[in-house]
Structures are given as C-alpha cells and as structure tokens.
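Both complexes shown next keep chain A, but they swap its partner, so chain B is in the first and chain C is in the second.
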Partner chain A sequence: MTFNVGLMIELAVQGIINGALYAMVAIGLAMVFGLLRILHIAHAGLFAVGGYVGVVVTNASGSFALALVTAMLVVGLCGMLIYRFCYEPILSKPPYVALIASVGIFLAIEEGLRLVFGDYGLTFARPQLPGSFHLVATVRYAELAVVVMAVVLFTALALFARHTRAGMAWRATVSEPAMASSFGVDLRRVRYLNFFIGSAFAAAAGVMVAVLNNVVEPHMGAVPSYKALAIIVIGGFGNLQGTLIAALLLGIVEAYGAVFLSAWLDRDSVAFAAMLAVLMLRPQGIFATAGRSGGRRWRIGELFRPARGANP
Partner chain B sequence: MSAYEASLLTLVAINVMLALSLNLITGLCGQVSLGHAAFFCVGAYSTALLAKAGFGLWITAPVSIVLAGAVGIVIGLCSLRVRDDFLAIATMGAGFLVVGVVRTNDALGGELGISQIPAPFLHDVFWLVACVAALAVGTVCWWVKQSWLGYAFEAVGADEVAARGVGIDVAHYKLAAFAIGTGLAGLAGCLYAYYLTSVGPEAFGFPVSIMILAMVVVGGMGSLVGSVLAAAILTLLPEWIRFVNDYKLLVFGLLLFATMRFFPQGLYPPLVGLVRTVSGRGRA
Partner chain C sequence: MRVPTSSRRQLAVGLLAAALLPVAAQAQAPQPIKIGMQAGITGPAAADGNAAVAAVKIAIDQANAAGGVNGRPLELVVHDDQGKPDQAVPLANRMIGDDKVVAVISAGFSAPSRAAAPVFQKAKIPYIAAIAFAPEITRVGDYMFRVTSVGEVQGRAGALVVGKLLGKKKAVVLTIKTDFGKTLVAGFKEAAPKFGVEIVKEYEYGPGDRQFGPLIASIKADNPDVIYATGFYFTGGPLVNQIRAAGITVPIVGPESLSSQKFIEIAGQAAEGTVITNVIDWGTTRTEVREFLTEFEKRTGGKAEAVAAQAYAAATVLIAALKAANSTDPEKLRVALEKTDIDTVIGRLTFNKLHEVRKAFPLSVVRNGTWQANGVVDDMVLLTPPE
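Coming up: the complex of A and B.
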C-alpha cells in the first residue's frame, strides 16, 4: 500500500472521533472500578438505554437538546438504581459475583429494549446534525459534535471535581475511603454520585452514537463497552487520566489497524491485541503510577490536580 | 428418546464439560477467566478441519485437546504476568483475539465458518458419546480435585502468597490448571463441532465465555457437583421457560442476577445446607 497523506489524516480524524466516544463510555467503567472494584458490564446496557431515550425523546418532542439532557438524567438515575439494588447488597462478596450479576442485568436490559422497541431498533424521524464540512479531512457535523461533547463533558467533570464540595468528597473517597469517611464524607452519597456521573456520560455517548449511525438497536452497547474494558486496563484500572488518553490512543490505533491489519485481524480484535500487548509489557497499565499492591489508591487526583498543591 | 431430547442431552453434556473445565481454572485455582470460549473454539475448529480432511473421532478428539491445551498454555504463560481483575480482562482480550483471527482467516471459513462436517463414529447415539465424554471429564476433574494437584490448586486459589510461602511453585500449578482446563474445553469443542455439523465464529464470542463462567459461579466456585448442576440448569432453563417464549432471555438475565443477589456463593452450598437441615430433622 502506498503512503497516502490524505488517508493518514482521515484515519487520525476517525480515530479521534472514536476515541472521544470510547472515552465517554470508559470513564464510567473506570469510575465504578476505581471506587468499588466491580467490572460493571451492565454499563453497556445503560449506554444503549441512553441511545434509545435520545431517539424516543427527539422524535416525540423535536428537540435534540432536550433529548440529550433527558437521556443523561434518566440513565444516570438508572445507574444509581443498579448500584442500589444490584451492587450494594453484594459489595462484600468476591468481585466475580458482582460481575455475573452485572451480566444478568445487561442481558435483561438488552432484552427489555428489544421487547419494547423491536428487533430492528429505532431511527430518528429526521436525521440529526446532517451535512459535513471539509477541513484537512472531511468531517460530518455529527462527528464534530461528538468531539465537542466529550471536551465539554470532561471539562465540566474536571471543574466539578476540583471546585465543588461534592467533587472534593468524591476525590477524597476514591483515594482514601476510610479517611474520607472519618472526615464525615457520606460514602453512599459519593457512590450514588459516581454512578450517576458515569452513567450519564455513557448516555451521552449512546445518544451521540445514535446520531452518528442514525439508528439505535438493542445490541449497540456490547462492542463499545467491551472495548471500554480494554481501555480501562490500558489506562491503568481506575486511573481516569490514563483512561482518557488510552481511549484516544485506542481509537487511533484501531482506525489505522482496521486498514493496515485487516488481513489478519478484524477491527474489534485490534483493540484487544493492543490491550494484551500493554498487559504483557506493563501489567499495571501504561499510565498507572503505583503498583497493583497500591490497593485502593486510585489516582483520580492526578487528573484533577488540585489548584494549589494541597494534595501531597 | 426423541431427537429433541437427545439433542438437548448432548448440549447439556457439552456444557457440563465446559463448566467443569473452567471450574478447574477458576473454581479450584482461582484464576478468573473471561475467555474460556476461545479454547472451546480452538477445539471445535480443529475438529471441523480434521473431520473434513477425513479423520475420525479417534484422531480429532485428541488433537482438539492437545491444540486447545497448547493455546491454553500460551494464554497461561501470559496470565502469569497478571492477576485478579487484570487476568480476567486479559483472558477476555484473548477470547476476542481468537475469534477475531478466526473471523478474518479464510482458511478457517471467515465469517461463514465451516459447515458440512461429516458425522462421527456412532453418530446415531451421539448423545451417548457426549455423555460418556462428560463423565470422563468429570472423572478427570474429580481425580484432579482429590489429588495432591488439586490441593495445590486450591492453595494457589485461596492465597497465592501463602501458597508460595509453603513451597508451592505457583507458576507451574497455574500453568497446569490452564493446560488441563483448556484441553478439556477443547474436547467439548470437538463434540460441539460434530453436534452442530458446522462451526462459525459467532458461536464462541464473549457471551459464551460469560455463560460458562456463570455456570461455574452459579454452581458455586470449586464445587464439581455444583458446576454440573448449574451447567444443566442454565442449559435447560431457556427450554423450561419456553412458556414465557419471547421473554425467555429477559427472565434468564433476571434469574442470573437474582441468583447472585441472593445466593452469592452459588446454588450448591445452600442446597447442601438445605439437605443437611432436612435430613437432620428427619433423624431427630
């Protein structure tokens, strides 16, 4: 294959767009893992629910913005319910118990969507954000919106974590749960908050995927979420900064890999090959700063570095 | 026995083999694997290719076991680098990788898979062959569990550091668990290829790996009887709840959740407890 600059740029742009989507899905998984050490497979279901709510509300009300907000709120609430009724009662059990329970919920959500809305999914009555523009590479407005959305959401999250009391309590809990608790942080509220934010981000990603493909289907959550699991490994479990970078990297690697490795691997396994390579070379993840023995010392603080060196 | 029952029984036997083989790795040795379907896949494809080349069950079954075991050792070697959740994700990645390679490889039939696998020896009573194989796998697992090997596995599963402290070579035993467990999954794959007479990549995806793990966890980690029971129940359940027809996967998912929610140790330990209570009362 000849070297083609146009193609290279096109692929990089595609990679960034996918990376932004993966980041929005993976951040929720990383947050749940960082706080509770649970592999939250049901996150995939929440992502799909987000997409469905987005399409249904847009078609009913005609307002895409309203749909996006509704999806994030509804799905955030669903995330909290899943925590309350699924994970909280089995927190003390080994992590695979929660994993299987989570798979059960995921199956139920997928099937629920299929039963209510049919096998073939739903489409927007009128495609959202149509058209495209050309700037170095051809980019659809919907794709630009994905990247903008990711940037806005992550900036908002960083500001929230740094500058609000709830955000500080959250960071404190993630890095030192016992200490935070003794300082009067309500751990349960922090966990609810954690699930709400993570799920709302997944919902935003779901809505954006719906816009990109102009369709939502019951199984839409599976593949992005499996990849999100790979991402949180590459990023160093529970390390949010690492997760974001890993998501972008994976999006880009995958975009190139899908073209240049297509004879040996399909698109999805490129992501997992990259993940395995990382695991073999750096079992603690590329961006992990502490060893695994570091226990629950998850480096959320590193993403949202305190304004004035308050964090030793 | 009707064809339907025979077919169902074969499927139960295959799933029992899968659950038992994963139980060795995950239940006894404590290495949670989310990619067990990959070895199932290797076994099934080995058999499919060999059977189409004219070899009989006597060749395909051992070759499937050896090939799956070999892949298992490779994955096992990788698994020595990682632990716990990392291992779970690494095996999940390995599962996706195997299916990805199969999907893109034309020699393996690509997306379409391999069909028209010739019938094996004794294909009229294939359910019997499958049951005998499941029994054999059960015997192997029982033998491993009660042997010195099984004690070492359980020690590694319970506390790796302590096991190393009392002089158990953790790495070797982990590899042994992977080799035996994945080899047995290869045997299950061999029978599955004959059972379906066709194999395709979608039959060995992540959901299948999860289902096998679910059998082990629902049965109760490390318990042979539990694994067999859970494999049978989880295979037959979708058939039993046919009356809910369209809702069967929904009900299945909710039951899986409810089992974990209310019986986090799996169904077998509370079952034993129940039997003890009942028989205890009987005596009193």
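Coming up: the complex of A and C.
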C-alpha cells in the first residue's frame, strides 16, 4: 500500500474527534475515582441516559440546544442522586462494594431504558447538524461540534477549578481530603458538585454520540463503560490532565488501528492492550504524579480497603 | 342412624366417581402439544428476540384458530437466553425436563444456540434454528435443522448482486466481526471472481462500533465502485449514514440483517438505494405472506424484518411436520421435518442432507423510506448449502 498523506491527516482528525468524546466520558469517571476511589461504572449508564434525553427533548421541542442543556442538567442531577442513595451509605465499606452496586445500577439503567423506550432505541425525527465540509480533511458538522463542545467544556472546567472558591475547594478536596475538611470545606457539597459536573459531561458526550450515529440504544453505554476505565488507568487513576491526554491518544491510536490493524486487533482491544502495558510497566499510570503526599499513587489492593473519606 | 351396608357402598362409589369426575373431564380435553422457544428477550439480543417471539406466536395462534394440530392445541413455552451461551444450557434442560417440549424453535443468536444444540440433540428433540448462523449447529446431529441460509450462501448471492445485477467490478468489503459477518464475506469472496468482481480492500469492525469515520476516510482513498457492507441495523444504519455524509455515492449492498425498518430510520435519506439480499419479498402477492406482514405490524406496531419472518417460517415448518407425522414421537417428527417441502413467508423451503435450508433470496431496495421488492436471486446451484 502506498503512503497516502491525505488519508493520514483524515485519520488524525478522526482520532481527535474520537478522543474528544472519550475525554468527555472519562473525565467524570476520573473525577469520582480521584475523590472517592470508587470505580463508577454506572457513569456509562448516565452517558446513555444523556443520549436518550437529548433525542427525546429534541423530538418533542424541536430545539437541539434546549435538549443539550436539559440532558446535562437532568443527568447531572441523576449523578448526584446516585451518589446520595447508592455510594454515600456504603462509603465505609471497601470500594469493591461500591463497584458491585455501581454495576447493578448500570444494568438497571440499561434495562430501564429498554423497557421504557423499546428494544430498538430511538432516532432523531430530523437529522441534527447534517452535512460536512472539507478543510484539509472531510469533517461532518456534527464532528466539528463534538470538538468545539469538548474544548468549551474543558476550558470552562479549568477556569472554574482555578478561579472560583468552589473550584478551589474541589481541587483541595481531591488532593488532601482531610486537610480540606479541617479548613472548613464541606466535603459533601464537594462530592455533589463532583458528581454533577462529571455526569453533565457524560450527558453532553451522550447527546453528541446520538447526533453522530442518529441512534441511541439501551446498550450504548456498554463500550464506554470499560473503555473509560482503560483510559483512567492509562491516565493515572484520577489524574485529570492525564485522563484527557490518555483519551486523546487512545482516540488517535484507535483511528489508525481501525484501518491498519482491524484484521488482527479489535478496535476495542487497543485500549486494553495499552492498559495492560501500562499496568505492567508503570502501575501508577503514565501521567501519575508519583510520590506526592496523599497523592494519586494507586494499587489494585486499594480496591479492598475502605473508601477514601469514609469518616469525614 | 344406621346406614345399610349396600347404601354405604353406593355412597362410597358415588364419592369416588365424584372425585374422579374432573380427571375424566380433563382427560377428554386434548392435551396441548408443547413447543419450546429459545430467544434472547432481554439483554443485547432483545430486539430480535422479542420480534421473533411475536412472530412465532402469530403462527401458533393461527394454527390453534384452525383447530390445532391433529386435534390438539399448540402451546408455546418461551425461555430467555439473554443472548448468552451460559444461559442456554440450563434453559435447554428446563425445556426438556420440566416443560417436556416436543420440539424447539430457536431465535437465539449463534453463541447461545450453539450451546443449547447438543443438549437437545442428546434428548432427541428436534431443534430448528431460525436465525443462528454458526455452521456447527447442524453438524451437532440429526435432530438439528436450520431455516436460515448460512452466511456463505448469502455472501455468494451478494456477489451475484454486485457483479451481475449492478455490473460493478471494484468492491470494498466491510466485515462485522461475528459468525454471520465472517461467513458472509467468505461466501462473497468465494463467488466474486465468478462475476468479475475484484475486492480492492477488506475492513473488519466490531459489533460495538457505531462510528466509522476512520474506515470511511480510508474507503474514500480506495475509491471503489461498490461497497458490500455486512452488519446489523444498529451498525449498518450509522455506517450508511456516515458513508453518505462523507460524500461517498457508490452503491451499497448488504445482507438480510439490514432488513429492519430501523435501519432506514437511522440512516435516513442516506439509506435510499441500499440493496440487500432479503428473506421477505415485499412485492409478493401471496395472501399468507401479506397476512403475516399485516398481522405482525398490527401486533407489534413495527414492520417485520428478516428475523421475524424466519422465526415465523420455522414455526410454519414445524407445524406442518407435526401434522404430517401425525404424532409427537421425536423420530417420526424428525423424519417429517426432513421431508419438508413447503411454501413459507420466506419462500419455498427444503432441507438438504445436513438439514441446511435450500431457498432463494428475494432482493429489496430502499425507496421512499421503505423496503421495496427488487428482483430475486434464485440460482440454486450458486446457492447450494454446505453438506
């Protein structure tokens, strides 16, 4: 096969689009893990709920913007409710207990969506953001929207974390929960905020996936549920910058892999091959800031010790 | 008061008779013939599973309305395999041990059907796979039957459509990594040279994939004049949508698994012109087919697709065999099934020595947002199933 520069550029662009979606989903998982050391599998269920709310509200109201905002608010709230009624009562238990509960919620969400909206899923009554343009590579308007949305959301999150009191409290709690608490930070409020933001991001990703595929299905969270897990492992277990970089890298690797490796290696297995390599060579994750006090070093064994902040 | 002995005896006899009466009444009403059905009615296979169950229920209800089989009503016992092989074996044992079914229709996918098949073979219970493509199933033994054409056969039909009917010579092939996808493409590649079709590139993708941007970018560079795309409505819908959005306009040919109306809903305008090798002849004038299509839509609110039609055909075949055997004896039923030669909603069916089905492929094309008839592939030499 001759080397085709145009194709290489197209694939890089596709990789960035993939990566932007992965980042929006994985960030919430990393945030929950960073704060509570819980593997929040139900997060992928919230991603699916986001997609469904997006389609239902768009079809009912005709406004895609309204649907997007509604999805982020509703799913953000759902995330808070999951924390309040599922994780909070079992924080003193080892994290695998919360993990089991989380898998249960994930399955309940999947089957719930199936029972309410049917086996075949839903589609938009009119396709949203149709068409494409050509600038270096061919990009669909919907794909451009994914990247723009990711940039806007992550910029907003960074500004929030650096320049607002609530944001600083949140950062302080993630790195030093006991210290933050002794300085008067309300841990519970921080956790609610954490779940709201992470879930809203997943909802945004869900809505954009609905637009890209023109379909939402009960099981649309299945792939993100484990791929996001691989991303946060590669990214350094709760390290947010690391998670973003890992998501982008994985998106790009997958884009090339889908074309050049598809006969030998499944697209989804690329993520896990990378995860296994990272676990073997650098178990704290590629981007972990090693050695920091109370820091993000993490071992599998932690899964069996009581959660962080069990007794706030 | 003393009751004379003779009256006491009469009383006892009377009581006994009274006690036996309901039993006697029951014995007079004919026992239903129990037919088992395996399908994934929850979990990822649920869409197909529920459609298949609805279709088979239509066949059972129609048979019962017409007086049942040999004077006995039919009773359908449905078990959920959740789309998982590990659920299939206990389910098979329950059907055999508890339900005492006389035969089984499976609308399970390949993996759960492959797992259940040996259990039914061992118990000598005829097992008709309606939609499972795994080649091993019919090789399990002589009680196994399949009413859907194996992937290789349908892939050959696809090559005929591409090369002979559309006259295209440079094909890109997209393989979904399932038993079905791989066997379809194997058949397509086998027959392609016969129709002058060259395969310029082959791509594989997973059943979980919905975003095909990278593949499509590469297909553009390949510049084919036709695309043979295997997949299901939930992968094919987004795929065709994204292919057209990227500006690729060459014809797209696919298998029966795109035959759901949902495929057209997802792909939208982009679906127009897609041609598939189908099992439903949407242009048919045969009353029983029309009746089935109408009744299915009435009961489920959705249009029938390949899965529903094949499940219904499996029921048609089984009911006809039960009538012909005039018995529920497994051996007699198996022999009757082997002699099947019957018109069904998916056309005329017979079985070969391996109990693989012999049938033609009606073609369908998307026009104005619905599947419409588009000819037929009935070269029965090309479509010879494996033996």
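Please note the rule applied: the second predicted complex is superposed on the first by the 290 of 312 C-alpha atoms of A that agree within 3 Å, B and C clash if a C-alpha of one lies under 4 Å from a C-alpha of the other, contacts with A are read in each partner's own complex, and residues count from 1 in each chain.
By definition in this document, contacts are C-beta pairs under 8 Å (C-beta built on N, C-alpha and C of every residue); 3 or more make two chains touch, one makes a residue touch a chain.
Since this is a predicted model, take the numbers as computed values, not measurements.
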item	value
Simultaneous placement of chain C and chain B on chain A, clash or fit	clash
Contacts of A:Trp170 with chain B and chain C, given as first, second, both or neither	neither
Which of chain B and chain C A:Gly104 touches, first, second, both or neither	first
First, second, both or neither for A:Met280, with chain B first and chain C second	first
Touching partner for A:Val233 - first (chain B), second (chain C), both, neither	first
Touched partner set for A:Tyr52, first chain B, second chain C, both or neither	neither
Which superposed partner A:Phe154 touches (first chain B, second chain C, both, neither)	neither
Which of chain B and chain C A:Ala255 touches, first, second, both or neither	second
Which of chain B and chain C A:Asp268 touches, first, second, both or neither	both
Overlapping contact positions on chain A, where the chain C interface meets the chain B interface	111, 222, 262-263, 266, 268
Sites on chain A touched by chain B in the complex	33, 37, 39, 41, 86, 89-90, 93, 95-101, 103-112, 115, 222, 226, 229-230, 233, 237, 262-266, 268-273, 275-276, 279-280, 283, 292
Chain A-facing residues of chain C, complex	42, 44, 46-47, 50, 177, 202-206, 208-211, 213-215, 217-218, 220-221, 233-234, 237-238, 241-242, 245-247, 260, 262, 265-269, 302
Interfacial residue positions of chain B with respect to chain A in the complex	26, 32, 78, 81-86, 88-90, 92-94, 96-97, 99-101, 103-105, 206, 210, 213-214, 217-218, 221, 246-247, 249-250, 252-261, 264
Chain C-touching residues of chain A, taken from the complex the two chains share	4, 6-7, 10-11, 14-15, 17-18, 111, 114, 119-121, 123, 127, 130-132, 137-138, 140, 143, 209, 212-215, 217-220, 222-223, 254-256, 258-259, 262-263, 266-268
